[in-house]
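Please read the structure below before turning to the comments.
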Amino acid sequence: MKYLAQIDGITFEIDIAPDGSMTLDGEPVEADLLQVDPLGLYSLLMNHKSYELVVEEQPRGYRVTVGAQTFDVDVADERQLRMESARANVSAGDGDLPITAPIPGLVVKVLAEEGQAVEVDAPLVILEAMKMENEIRAPRAGVVKHIAIEVGQSVEGNAVLMVLGAERGES
Amino acid sequence: MFQKILIANRGEIALRIIRACQERGISTVAVYSDADRSALHVRYADEAYHIGPPAASESYLRGDKIIDVALKAGADAIHPGYGFLAENAAFAAACRDAGVVFIGPTPEAIAAMGDKVTARETVAKAGVPLIPGTPAGLSDDELLAAAEEIGYPVLVKASAGGGGKGMRMVFKPEDLKSSLAAARREALKAFGDDTVYLEKVVEGARHVEIQVLADMHGNVIHLGERECSIQRRHQKLVEESPSVAVDDDLRARMGAVAVAAAKAVNYVSAGTVEFLLDKDKNFYFLEMNTRLQVEHPVTEMVTGIDIVKEMIAIADGRRLRIRQEDVTMKGWAIEARITAEDPDNNFMPSTGKIVALREPTGPGIRVESGVYVGMEVGLYYDPMIAKLIAYGDNRAEAILRLRRALTEYRIAGVKTSIPFHLGLMDTPRFQWGQFDTRFLETHQPPVSDDIDERRKIAALISAMLLYERGQRAITFAHDGGREDGVSAWRKAALLEGLRRLV
Amino acid sequence: MFQKILIANRGEIALRIIRACQERGISTVAVYSDADRSALHVRYADEAYHIGPPAASESYLRGDKIIDVALKAGADAIHPGYGFLAENAAFAAACRDAGVVFIGPTPEAIAAMGDKVTARETVAKAGVPLIPGTPAGLSDDELLAAAEEIGYPVLVKASAGGGGKGMRMVFKPEDLKSSLAAARREALKAFGDDTVYLEKVVEGARHVEIQVLADMHGNVIHLGERECSIQRRHQKLVEESPSVAVDDDLRARMGAVAVAAAKAVNYVSAGTVEFLLDKDKNFYFLEMNTRLQVEHPVTEMVTGIDIVKEMIAIADGRRLRIRQEDVTMKGWAIEARITAEDPDNNFMPSTGKIVALREPTGPGIRVESGVYVGMEVGLYYDPMIAKLIAYGDNRAEAILRLRRALTEYRIAGVKTSIPFHLGLMDTPRFQWGQFDTRFLETHQPPVSDDIDERRKIAALISAMLLYERGQRAITFAHDGGREDGVSAWRKAALLEGLRRLV
Amino acid sequence: MKYLAQIDGITFEIDIAPDGSMTLDGEPVEADLLQVDPLGLYSLLMNHKSYELVVEEQPRGYRVTVGAQTFDVDVADERQLRMESARANVSAGDGDLPITAPIPGLVVKVLAEEGQAVEVDAPLVILEAMKMENEIRAPRAGVVKHIAIEVGQSVEGNAVLMVLGAERGES
């Protein structure tokens, strides 16, 4: 079975043969995987190199912590992925990007107006959490299409704060 | 000696104080909010009392409720830790009025040092050198004018401040107005007082602080310095003792000034006098923290003196056992603050449930932690969840041990500052001790060089687990599922083979 | 410097060595038996290789397999830890022949000290004082006759022995024959050699040992003493440094003798010279352990010297950085061996799966542990699963910290020696430092005085859980079961009330 | 509901009322119990006193670790217990006591013979485990009625080694 795993936009291809032998991006790998405690701690020996990993199941794929680094892995077998990609193409949008709250918090300030063109990294919202003010910045240039919050409002994590439209021209 | 002490705090510092009490045979009383029923300080204390909802203003800041619990539980004394009520003169006075010993300085000393402007005036009279700046209470327009005179960059500071809250560095006149507004907002929220003042920025300065201990009998000693220049947005991230910038002579001079500052307010208990130290070894008074400091363990490890136990003995009226000449520093200690913040995403607070945890141990490693499996790391309290302290015979060994311990740390469920610290330990300028308080603004610690390898590992294990999940139904049916000590992975692969043969 | 070191061991000592290597930037290779696939040393090492079935004779004692792995993995050196191959001269020689550095003394030095009789003869020539005894290799009848001459009590010791195996104290002539038989049986099994000899029992003696370090350039220093008199059946349970019985003068004299003993066999690496110290401060050579010792951490904590790193540097041919006059002892350190044994049941080995674990941390605490949740503690290997070491400014503080840390230790699934250690810390004669090697034969450490209270707690929680279990079906149906942070107990009770109301 | 919990031969009586209020041996107790992690760690506040406990479910009752002490608790509600005790009385034996191996090991020596009278604490069997010899001693005086093992035999934990009969006279 062939699997595609996506991490930080990079795709890895893993092939697992019926006898348990594997390749990673075409290279053969020898791997022994063991869950060592009920909390999701795994020990992986890959070509005799030892790794300890914490795995959390996600709605889709896994969150894997290797050493101090945590990766969100979107994994599926080839067939699944092809089907999904077909569906995604149909509903592909017009480049709108929702700006979401990375953490729950209190909206202290809104630094852009609807219709305003912003550069990449421009501050958009100041969110207070853990008694510190946190700036939410534009991940890319664009035009503020919609503002979903107001000052003084408490927002949950992942709540949409505003929607950033295509770079030039109102949509 | 006290029979029972109430700890008016939570998290790692509550545990630190509980441990000191246990080592002196003193019973401990914990207080907890709704968010902390399962917290370690509740479980490690001898007794625990509920004091209110999660918001600190309704629980850990409610001095009245806490004093009630102390009286009900029969506690002789209250240790406030740091933060919350630790530098609240009114609370210290309320304890005194209720007949419960406040383990810390007098309300008068707290008040004198708590207002930054009063503090500057008081210590200046004792001959402590100050940074040029404005008085407090000026209007924005007056501050704008004053800033021109002092010369940019300037530092906006909250008069009632501490811990970097309400603090802003401003480089250009056009940014001052918005920074003043932000600082006032933060200060108002944090301290209920939006008074701010300006200070000249001492360029290339290190943050070096002196730990003092003072008893009720007029004895004041210092325990040497801590180097705290590794800061981000005025929040300390890494502290060490001693400092590479301080030699014996400078230590003696800074220590003497710190002792003079403490004596100027008739200080009693443990306290910290913070200085800016410039390249030419001139040092300027910043402020005095009238409480136990987050970074006190590095001083404990190099001096062998247990600061919390000394605080308890001092509050009990005992004379200091230690004379200045008995204080010797041996080896080197470095502390890394482990915070629930995502260093790859601008140190954004990270919330969630701790799903896996293993803390480092071994030679030279001390962990002060409030973390446990199942803990919900939320937004109610400070993001600092643990401290990792490494001791070595010299600075290089301490760095290497800290690095080693950081690689051993397993914590999952929230993002933490651990990758940042690992990167910092690998930064040559940090290793060489060449940094000032603005180091992190100009030096991005390197990202782990094996991130590519780790991505591969994460990809591989995900595919293996997905594959295994597909096989699990068969595995279960066959032999009751995964057995410990046997790689379920191998079994799944084997079964896959078997199935094809059938 | 070495690039890669193979650790030919398991458990806490393998981790200890892995940590030292990581702190020196050296890659590590673990080896493991079938019983240890999930062990910490496999997970903490950079690489891991399987070497055979659980029985040590088929895995950790298979020097040939281990050298094969070292060559295959490209390791420059092998650290044997303690036990297994650590004092096996043939293995040290095989390493040399294979071109892999053995991190330890030469095969010749191991052999000279490994045979107790040869060792006594060798060190006696160097002026080291010996206990009266017999040569080895006598028949039982000859030993019976010799015992009469030496005078009872006598000690039966295995010529190839170590770690208390094959050792018996005999008080009456009529018991000697059966003790000889038992000692020969144990010795044959443990060392493949049933040769025994007799030694006079020095009454009221303490076991005091001297840590030495020797480089390849003729420099030999000592790191002071360790007090190891708290023993049960010749197994050390608690060790400390310094010893209350040793003052500066005695330390210097014992140290000089230990250095002389090491020089007598051209010793290289870390080693320990064990002495009996009688009430009149006379001391007698017992044996020299030509390896890293279980209790080395207490010396590390009071001297600040990392013994494992020194061993690695010495094996690499470096000169000792430390001169005798640089060695200073500061503070006090005590180690408690945490074994999977039931102290309430005659220290019977306890086996099982570790179901819960939280190790103590905080000021002055160091944990060296091979334990993890899910670990199967079996009968294949030594019952010592971890070591808890406490450091304090003085002995009282070290004891209080050890006591505090013992109360924090949470380990469930096997019985451990923790209750014994808690009792010992509460024993006045231990606290006063008044004990000898036979202390535990005559002093039963007190049982925790709150056992009645704890039984009540255990009874109460069991009833509550059984009650809750009865309610759970209803709870589940109602709201999906237990929610975190909400006391399921309260919910069950509430629902019970509700049900009755309906 | 009334519960009886037995530990080390001591019986505790716990009464839990429908409103959740409790008594322990007749004394009212205020208790709040919370499972704090998935591994069986509990926090109990009893009359504001804080205890941390590890609980393992056993075939019957619980194994509870309080601090460093571990207790095997046999717990049942009153009705259950009465029924069982009735059953037990019917099949009550003649005082035979099986001597079992506390740990798995190798029988190195058998120190008593069938029919031999032994005092309390007399050594009966030497069992080797973890490379150490362990003496199994008589928990009370009696007569060795049956020996179930021989030298050189490996035994499992809890295996019966011998049976100790009534103190005087063969049965």
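By letter and in written order, the chains are A, B, C and D; residue numbering begins at 1 in each of them.
FYI, contacts are C-beta pairs under 8 Å (C-beta built on N, C-alpha and C of every residue); 3 or more make two chains touch, one makes a residue touch a chain.
This is a predicted model, so every value here is computed, not measured.
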Ordered by label, the neighbours common to chain B and chain D are A, C
Across the interfaces A-D and C-D, which one involves more C-beta pairs in contact? C-D
What is the distance, in whole Å, between the centres of chain B and chain C, each centre taken as the mean of its C-alpha atoms? 36
Between chain A and chain D, centroid-to-centroid distance (C-alpha), Å: 53
How far is the middle of chain A from the middle of chain B, if each middle is the mean of its Cα atoms, in Å? 30
Which residues belonging to chain A are in contact with no fewer than two other chains? 32, 34, 37-39, 52
Could you list which residues of chain B touch at least two other chains? 37-38, 44, 358, 372-374, 407, 487
Once you've mapped the touching chain pairs, tell me: line, ring, star, complete or other? complete
Which residues of chain A touch chain D in their complex? 38-39
Spell out the part of chain D that touches chain C in their complex, as residue ranges. 1, 3, 5, 7-8, 10, 12, 14, 16, 18-20, 22, 24-25, 29, 31-35, 37, 39-42, 44, 46, 51-56, 61-71, 73, 75-77, 102-105, 108, 128-135, 137, 157
Chain C-touching residues of chain B, taken from the complex the two chains share: 15-16, 19-20, 22-25, 35, 37-38, 44, 297, 300, 304-306, 330-331, 353, 358-359, 361-369, 372, 374, 376, 393, 397, 400-401, 403-404, 407-408, 484-485, 487
Which bits of chain C are touching chain A when the two form their complex? 30, 37-38, 42-49, 73, 372-374
Going by the contact rule at the top, pick out the chain B residues touching chain A in the complex. 165, 182, 185-186, 189-190, 233, 345-346, 348-351, 355-356, 358, 373, 379, 381-383, 406-407, 409-410, 412-413, 415-416, 418-419, 422, 448, 451, 454-467, 470, 482, 487-490, 492-494, 496-497, 500
